[in-house]
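Have a look at this one before I ask anything.
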Amino acid sequence: MHLTRAERLYPPTFLFCLFPNRFSAGKLLLTYKRTTIAVNTNLKPKLQPPLIIVNFKTYLEATGQRAVELAKQAERASKETGVYIAVAPQFVDIKAVAEAVDIPVYAQHIDPIKPGSNTGHVLVDAVKQAGAVGTLINHSERQMTLANIDAVIQLAKEHDLVSCLCTNNPTTSASAAYLCPDIISIEPPELIGTGVAVSKAQPEAVNNTIKLVRKVNDDAVILCGAGISHGEDVAVALKLGAHGVLVASGIVTAKNPYTVLREFADSATAKLPQ
Amino acid sequence: MHLTRAERLYPPTFLFCLFPNRFSAGKLLLTYKRTTIAVNTNLKPKLQPPLIIVNFKTYLEATGQRAVELAKQAERASKETGVYIAVAPQFVDIKAVAEAVDIPVYAQHIDPIKPGSNTGHVLVDAVKQAGAVGTLINHSERQMTLANIDAVIQLAKEHDLVSCLCTNNPTTSASAAYLCPDIISIEPPELIGTGVAVSKAQPEAVNNTIKLVRKVNDDAVILCGAGISHGEDVAVALKLGAHGVLVASGIVTAKNPYTVLREFADSATAKLPQ
Amino acid sequence: MHLTRAERLYPPTFLFCLFPNRFSAGKLLLTYKRTTIAVNTNLKPKLQPPLIIVNFKTYLEATGQRAVELAKQAERASKETGVYIAVAPQFVDIKAVAEAVDIPVYAQHIDPIKPGSNTGHVLVDAVKQAGAVGTLINHSERQMTLANIDAVIQLAKEHDLVSCLCTNNPTTSASAAYLCPDIISIEPPELIGTGVAVSKAQPEAVNNTIKLVRKVNDDAVILCGAGISHGEDVAVALKLGAHGVLVASGIVTAKNPYTVLREFADSATAKLPQ
Amino acid sequence: MHLTRAERLYPPTFLFCLFPNRFSAGKLLLTYKRTTIAVNTNLKPKLQPPLIIVNFKTYLEATGQRAVELAKQAERASKETGVYIAVAPQFVDIKAVAEAVDIPVYAQHIDPIKPGSNTGHVLVDAVKQAGAVGTLINHSERQMTLANIDAVIQLAKEHDLVSCLCTNNPTTSASAAYLCPDIISIEPPELIGTGVAVSKAQPEAVNNTIKLVRKVNDDAVILCGAGISHGEDVAVALKLGAHGVLVASGIVTAKNPYTVLREFADSATAKLPQ
């Protein structure tokens, strides 16, 4: 059910990931880079900031056919503004959503398992075959052990999925940066669902996190992930150095999700040129 | 996130469920019966023994398009023999499978949650909207607390889903019978995936379980759920008083799943008239 | 780490436990009874109602030396009134408390493990050697799977410990009765720590539970376990048919725990003769 | 039950911990250092390599009175050789062991909780009052989420306990180094209890880990933690750059634990001068 020793130890991308900037000058090392993280090479360019990821959680407003409709609104806002907007529907809705829209679809979680006897668990292959191109990991509502976070990030890399690791404070974010996820989303659990944006309530947390993460990881995209509900929250987040936002109720339970997403996207692009 | 007090206490079907046979003579009580367990009334007649439920677990042979193909083979065996054959694919495959076949589709698990903030969890509404008509509960690979088993069985009833509760020995099976699931599947974890059928390795366990369960619950369908790999296993299970089998690797990893399912179904129907 | 198949299946006390009253007439069966539940025979007479069990939880007021002092106050109240008062301190305090007082000491939890490689877990042998004579099981703050509850009750029996199983509503209480714990304590999680006694807020729950439990289990002692804070709560609980109370903050955080315990014990004994 | 936002964010020791060597030249910063990590200042000098920590797990050979006796043998080996030998008994045995010996006593785990309603959990205050001076964290047999590891390390610091964080591979060890535990013990779960020492089976893992951890954390003591069973294993571990070993069955189930501990300690001190 779990990964073998050989699969856990010595991930090939490890050393590079820790010190990518030191390797970038040499040609040989660039080759090394291409080889080792080739799996996600195609995904990386697509993660063009600003990013907005909409977590559907288990809201009825984002379940079944309504998940498809919400994803279409996200697609419309994305196409009109050029902003990367991804959606993370429930497991059962991934396939229908992925078939209905052209924007990236993420899973909300995958389990650290291999194919076989894991009744009721979420297999990376199944999620991928259903059309997901990424996954949230360690959301505060679905936390994992350190060893499992590491294992799932490796699974995501091996299956060419974007890994979006959620963390709860600057310390754990810096710690997580060492595990080389593609995206780190800082989500103080106290603010989730409150409508108070982390980028406003804890601007220093966002700032600290970015600085600390950058000490060890030059590549990770950094998102703010709690309480985002106004376009202004997005603008503040970007001004503080984040590359985007992870948002849930602010969009999902809005009367008109398209309008709010449009406001987010406009705010994001308006701030960028500054 | 969890059920309220009012939702947990006093489930309306409770008293009836415990002593249904004592209520069956009186007209008034029959009315009571119709009211209280109306939700599952439509499902019950469909649970006509013998039953075969195929748990796809997270086998690659039963993931994505291969899940759909496997379900079609189950559908063929069911239509040819008239035996109730249900399939339990992974969450992400429920919708595609349910759209492709006419046999019952079960989820492998649902979480004891209500709509809202439950990232990475499995909502009963989502599973149902995707086309599932039932769910496994408390499989040995996805065990739950006693309070959560109770809550999920209630959720299944309220959403008109068949609840198939897995237990690991006679004691817990009898205990579980009090929670009034539609199906109880005895699954000694030691035999799962071994190819040694519970109905042969532990015939007394099957027998004991049935007797004990019947002391408190006249309605529950009883399945044997571990190591079933030959038609003979199915026949023995039925002879011991079970109503069918819950099977996984015996079908999923077979070279020709249809052939084995056909063997199972033929064996099941051959034994019934005796 | 877990119990073997042989240890889980066929617990010797099982059949008797389910139907003790049907076995009591025959001499042979009485012998059977003596043999099979001999382990707890010595404990049962000590469980003389009314019972008061004080759960110390992890309150600082009941940690370390203060745990010993609190236990001494419980001992004083017990000796003065003759009421069975037991205390359930934290794991690390069991030994010191058990050495300091003559009243029964319970663990707050034990794990379903056997001796060996279980770092950070709670072994029944260790708890017993430290002086505990019983254990809480499945408290709402430390819930267990159905299989583990069953395993721990068996472990308790084998080690001659009183098993006090906590449940959250009438349904799960009746289900739990089948697992044959010595004590069943109904604890609706919504009332814990509120000061609203289950025996007053949900008298019908207490009543239902007792009736349902008695259908399958004639022996189990039944306690009310949430919100008990006044002598009157204890009297009401006993009047409804409970044998006592499981109490925590009502005693532990009281200005004068002895006074409150004395009130509880007096109320319990005053009501009994009626 | 969990820590508040203010307690999780902005731990005062954080920035210093990440870059202690860069702060050491300036007087002001030294002052800062003294202030912020004062709590553990007294402990740090005591963590003089080589270190041997004996994890008693839940072995019967190390339960109750036998835990005290085993600790006395460890104390004798420590006093005779001058090597730092600590013992980590079960929760219930901490107090008796701490009262019986003069060597450091560790808990095997503490929970990320504050005083209050946490039945069956392990409170840092209780462990400390019982005499523990440190705690294992995240042992492979008792894993925690990333957020909880962070919270427990902070709890340990605040309560002046040595934090010994167990990790399973180089990646997670480096990640963990950012959380600033006092000790990092690398424990590939595949080797635990096998008698195959990590320092011999995976010397490169030990080496990698040390290098990676040192990139971000100059202070943490590093132990090898799996399969250590011979004096030679200890010598190899130290030669590879580790500061000592975390050992369990190699000592606990030995016929003569004192002899083996003596061998370990002699081997450790013999190698150091080289």
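For this structure, a couple of remarks:
Letters are used for the chains, namely A, B, C and D, taken in the order the chains are written, and counting of residues starts over at 1 for each.
The working rule: a contact is a pair of C-beta atoms (placed from the backbone, for glycine too) under 8 Å apart; a residue touches a chain by one contact, two chains touch by 3 or more.
These figures come from a predicted structure and were not determined experimentally.
Any chain that touches subunit A and also touches subunit B would be listed here, but there is none. Interface subunit A/subunit D: over half of the residue numbers present appear on both copies, so the contact uses mostly the same residues. Taking the mean of C-alpha positions as each chain's centre, the chain lying farthest from the centre of subunit D is B.
For this pair, subunit C with subunit D, the centres built from the Cα atoms lie 36 Å apart.
Between the Cα centres of subunit B and subunit C there is a gap of 34 Å. Averaging C-alpha coordinates per chain places the centre of subunit B 47 Å away from that of subunit D. Within subunit D, contacts with two or more other chains are made by residues 140. For subunit C in complex with subunit D, the residues that touch the partner chain are 55, 57-60, 63-65, 90-96, 108-109, 113, 115-123, 125-127, 129-130, 136, 139-142, 192-193, 248-249.
On the subunit D side of its complex with subunit A, the touching residues are 4-5, 8-11, 14, 18, 138, 140, 143-150, 167-172, 174-179, 188, 190, 202, 205, 208, 212, 215-216.
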